[in-house]
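Naming follows writing order (A, B, C, D, E and F), and every chain is counted from residue 1.
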Amino acid sequence: MDLSLVQNLIDPAILFFFFGLFAAGIRSNLDIPAPIAKFFSLYLLVAIGFKGGVALAASGLTVTAVAAIGAAMLMALLVPAYSFLILRGRTNPYDAAAIAATYGSISAVTFIAAQQFLTRNGVDFGGHMTVAMVLMESPAIIMAVLLASLVRKREQAQLSPSVGAAAVANSTSSKGISLKEVLHEAFTDGAHLLLIGSLVIGYITGDAGKEVMAPFTAEIFKGILAFFLLEMGLLVARQLRESRDLGPFLMGFALVMPMVNASVAIALAWVLGLAAGDTLLLACLAASGSYIVVPAICRYAIPEARPGVYFSMSLAFTFPFNIVIGIPLYYSVIALIWGN
Amino acid sequence: MDLSLVQNLIDPAILFFFFGLFAAGIRSNLDIPAPIAKFFSLYLLVAIGFKGGVALAASGLTVTAVAAIGAAMLMALLVPAYSFLILRGRTNPYDAAAIAATYGSISAVTFIAAQQFLTRNGVDFGGHMTVAMVLMESPAIIMAVLLASLVRKREQAQLSPSVGAAAVANSTSSKGISLKEVLHEAFTDGAHLLLIGSLVIGYITGDAGKEVMAPFTAEIFKGILAFFLLEMGLLVARQLRESRDLGPFLMGFALVMPMVNASVAIALAWVLGLAAGDTLLLACLAASGSYIVVPAICRYAIPEARPGVYFSMSLAFTFPFNIVIGIPLYYSVIALIWGN
Amino acid sequence: MDLSLVQNLIDPAILFFFFGLFAAGIRSNLDIPAPIAKFFSLYLLVAIGFKGGVALAASGLTVTAVAAIGAAMLMALLVPAYSFLILRGRTNPYDAAAIAATYGSISAVTFIAAQQFLTRNGVDFGGHMTVAMVLMESPAIIMAVLLASLVRKREQAQLSPSVGAAAVANSTSSKGISLKEVLHEAFTDGAHLLLIGSLVIGYITGDAGKEVMAPFTAEIFKGILAFFLLEMGLLVARQLRESRDLGPFLMGFALVMPMVNASVAIALAWVLGLAAGDTLLLACLAASGSYIVVPAICRYAIPEARPGVYFSMSLAFTFPFNIVIGIPLYYSVIALIWGN
Amino acid sequence: MKPVKKVELVVDAHEVPHLLEQLKRIGVNDYTVISEAHGRGDRGSRAGDVFSGVFDNSYVMIACTETQARQIVETVRPILKRLGGICLVSDAMWVLH
Amino acid sequence: MKPVKKVELVVDAHEVPHLLEQLKRIGVNDYTVISEAHGRGDRGSRAGDVFSGVFDNSYVMIACTETQARQIVETVRPILKRLGGICLVSDAMWVLH
Amino acid sequence: MKPVKKVELVVDAHEVPHLLEQLKRIGVNDYTVISEAHGRGDRGSRAGDVFSGVFDNSYVMIACTETQARQIVETVRPILKRLGGICLVSDAMWVLH
């Protein structure tokens, strides 16, 4: 178990991630064509969703499963709430709301990397954790939108205490997006929807579906993940260059918060009596930040926030941290406590 | 056999088609990058052509095979002929010619779905049916071009009965495209040619070729088909929105004609003594309409026809009808008659 | 062994290459989307590099391996040197330098086709040949840049014998690119770097890595190679049309030089006592010309050279020659000498 | 040939369908869209998130009459205000066919 | 800098090779093509058939002299008449190098 | 609306990052790039090497003041001289928002 950090790094997919970092670091012109990268991202969602659905059909929705899902949803509410409180005074409040949503939500690739870690170490995990992942997206976004509209109202009130209601109404028409619209946007977001769809299809077709799909969704999975992580490495290194103006506080937040969120998740899992495998996945869901769904929605729901900020934090700092250090670190803590 | 309709729908690939319809229906931004979708369409042609060629090399060209191919070519002449007669009075004659070509030709994905249906139900079919599919493309297009030039001449004669020959010559130079040019265009069309090429390569390399190609062309086939049908679902739903102005007659044609064409094909197959599996494939070839090759050629050969019309009919109505209802329906009729 | 030429052509991947030539020859609109073709090219580099790395980890760096690598590097210096001497008087000197670099460098797809040929004929070859391939890229490019700067200086001196140094300095600032910059460009070139990276990752992860990656990098390899060679066939035929103005000397060079270079390589391998399989690979590395890495660098390092010339020679003439005739020809010579 | 105005827009790719709907309402039905136009403006660099494509711009070109151009400008201004982007208007001659 | 005409065409992507051949014949050898330009015009929406790409437009730009521009216009007009598309001509300054 | 200059460049795709850096140095930070612009010019056909993409052009558009346009032209001229490409300058009206 001591070796798990190094072992984790010897996986071909992880090594391709490092190679991507290196290639972009020395300013190579290496590039995965964008439509391929986008397709691989869809592929991973289909594969992970389908696999989760099949597993869920086999195991059914047990009490532990429900507990794990409940814990995940609780984390999706807690993380943005305390993140916003921490960020509020130190950065502009719209950015704070968007960052809160980013960290309340999840990174599917971090989740996948954690699953790969567990498989490599022979630790079981349940298909219901994919359901948990799916359900963590929306609460975080709702929280953030509510926070942003709170900020908006307060600002409006400060600017024009006398004009009052009229100004607020006016601002609503130009900036305020109704929660209903945002929820529609969040639910119909392609990445999110594809994950749900694949989960449902995996659940319906079960083992019969698994058998015909396996060569595509399971056997070549590792190779495609390797290519995808190569691209992620290139992106992370290039985004790092763009993010010099983040400032030490936000950089620190992006590196320390994952550990805080993972700790809270592990504590919660301990209380609920979850298994070690599910606990690692829960920790990684809590620790990771979104760089696909949340930016897609915040751009529209909180246009005042600077996408460069929350996108850089989650992609250039939190993602590599979790992939390289976070996963084995969280698991070594879990192994210690769970007495594995 | 009663359950075949529902069973048919429980296939993961078909479920992804429904999911695509649903996602586009709720206006999700889900999208397969266009180069990927285009590649998958080429992939399916290669896989199906190669498989057909290998099967043909194994079985040889038997009498039944020749009969089946002959029946297919007859259908490719009959369908556009009677379709044009039905359509003539009720829609503009150029559209009528293009629609006739559309339904005389075939949809490779419908053919693939029918093969999948047969495989799932343990029913055999021959590699020669792929040859039949290949040979159905051109007759339909030739028919349509001849019909369109007939229409053109008649119109010309009506407009200027006195000017006569000169006007016709003039019109020919601006609009009339020689049959030779159209045949060249039809034969060299990428999709059509790739299917032929793969068929020939499969035939030449036989079982040895099959073995080395199988992981790519056979094992991951189902997964790629699932992604492709997801994209088809998205396209169908989006095209449905564009096709509100089709009118009840053309919509009815797009939904009823497949059943008529399939019935004629089944009757013909019965007379010729074809096996049940080959009969279903023949019925599906007759029942399906082209949305790749024919539009690519009609755009050029019958520029007076509105692509939106024939494209919408075959993609937004006939394709989903065959995939969801047609295939199991035709097969239940065949099973009844063939006494399976 | 007599049949090896025909046998070689009956491979599905090679047949798809011919089919591509045919399709472009009859001016079909068949086209693999560019991002897919580019990705397949990256895929082949990853697969071949990874495989070589794994093989190297298993065998270790033996004396024969070092000898083979040394022979390859020697060829990478010899080929551009004598090519430049041959070309100098007969074509403009910048083109001569660029062509020299092209033939000193290698074509990874020709290397892959040679490996496939060996596998089909049950002949072994070593993972170190992939290292040899990697190491042949740079010497050729360095040679060419040195030759080009020599030409540049001489021209400068002839043009303005009185003005002298100042003019040279001036020309350097506008045209001359420092060797350091070129080496950086050569090393960081995406294709080159990806090959190295995959080799290293294969070496590190060894058999464990091979097992998880095999479905992606090995099993579906043949199918992707077939698609890639289809695209190569299309490209070759289209490039042939653009290269009518090459002239008989350069065309002859592109067809005869591969045989000369292969002969030198075979002689060298004989002297060093290499095995037959490694010798064929060395011959193919020597005989092939680059159409990816070298054009990418010469465009920048020797902007005076006409890319159309060296690109056409290596893509439209040398590549198909090696694939179709060269590989079986070189091997029949090797088999004769090695007494196989 | 007849003189027309050429309106060129660079906007958030996600906003294009909405924008085209707005234009339809004021009777502008014809347009050309080039989907991938990366760039940099007031809102920083617009590239680099290949997965969601959130930072993609699209380029939209509309040839129209002067009156229509003025209407288009009024229609797109609030969209540009909210989500960024640029709009240029210039003169061209339309080849009648 | 010297004044030139900028000719911009949006035409059926399949027609582009044919069009460029025609232009070659009248001595216009230089051009720039952007392949994927979706749009809507008299012939309805041009998008949505990803497989055959039949409905794709391309955008073609040519910088040339006024005389050439006039020739180009005459050459493309019948093509536009038959298969649709638009052609705009405007003024620009060419940076000599 | 305010009058601006529209600078349009077609250059070697690989040169674009370098070019944008040069422009940054003279204070031009805003631009739009369309990546795939195939073409033909003095250096022959620019297409057909899908693997290295060496022959790809990019199209760059910059809306700026007249002074900036003049500076841009001076900056890009040596690049165009060395690696080819074209640069056009024309007039447009910028819609303020």
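Just so we're on the same page, contacts are C-beta pairs under 8 Å (C-beta built on N, C-alpha and C of every residue); 3 or more make two chains touch, one makes a residue touch a chain.
Everything quoted here is computed from the prediction, not taken from an experiment.
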Shortest walk length in steps over touching chains, subunit B through to subunit E: 1
Maximum centroid distance from subunit E, chain identifier (CA atoms): A
Between subunit C and subunit B, distance of the C-alpha-averaged centres to the nearest whole Å: 43
Subunit E and subunit F: spacing of chain centres that average the CA atoms, whole Å: 20
Chain centre separation in whole Å, for subunit F relative to subunit A (CA means): 38
Residue numbers of subunit C (touch at least two other chains): 29, 33-36, 38, 215, 219-220, 296
Per-residue overlap in subunit D, given as positions that touch at least 2 other chains: 14, 34, 81, 90-91
All touching chain pairs, where touch follows the definition stated at the start: A-B, A-C, A-D, B-C, B-E, C-F, D-E, D-F, E-F
Subunit B residues within the subunit E interface of the complex: 34, 37-38, 41, 174-175, 191, 231, 235, 238-239, 242, 291-293, 295-296, 299-300, 303, 306-308, 311, 315
Contact set on subunit D toward subunit F in their complex: 8, 10, 34, 36-42, 57, 59, 73, 76-77, 80-81, 86-91
Subunit A residues touching subunit C - in the complex, by the definition given at the top: 10-12, 15-16, 19, 22-23, 26-36, 215, 219-220, 222-224, 226-227
Subunit A-facing residues of subunit C, complex: 33-36, 38-39, 42-43, 46, 50, 187-190, 193-194, 197, 200-201, 204-205, 208-209, 212-213, 215-217, 219-220, 296
Parts of subunit F lying in touch with subunit D, wherever the complex brings them together: 1, 4, 6, 29-35, 63, 90-95, 97
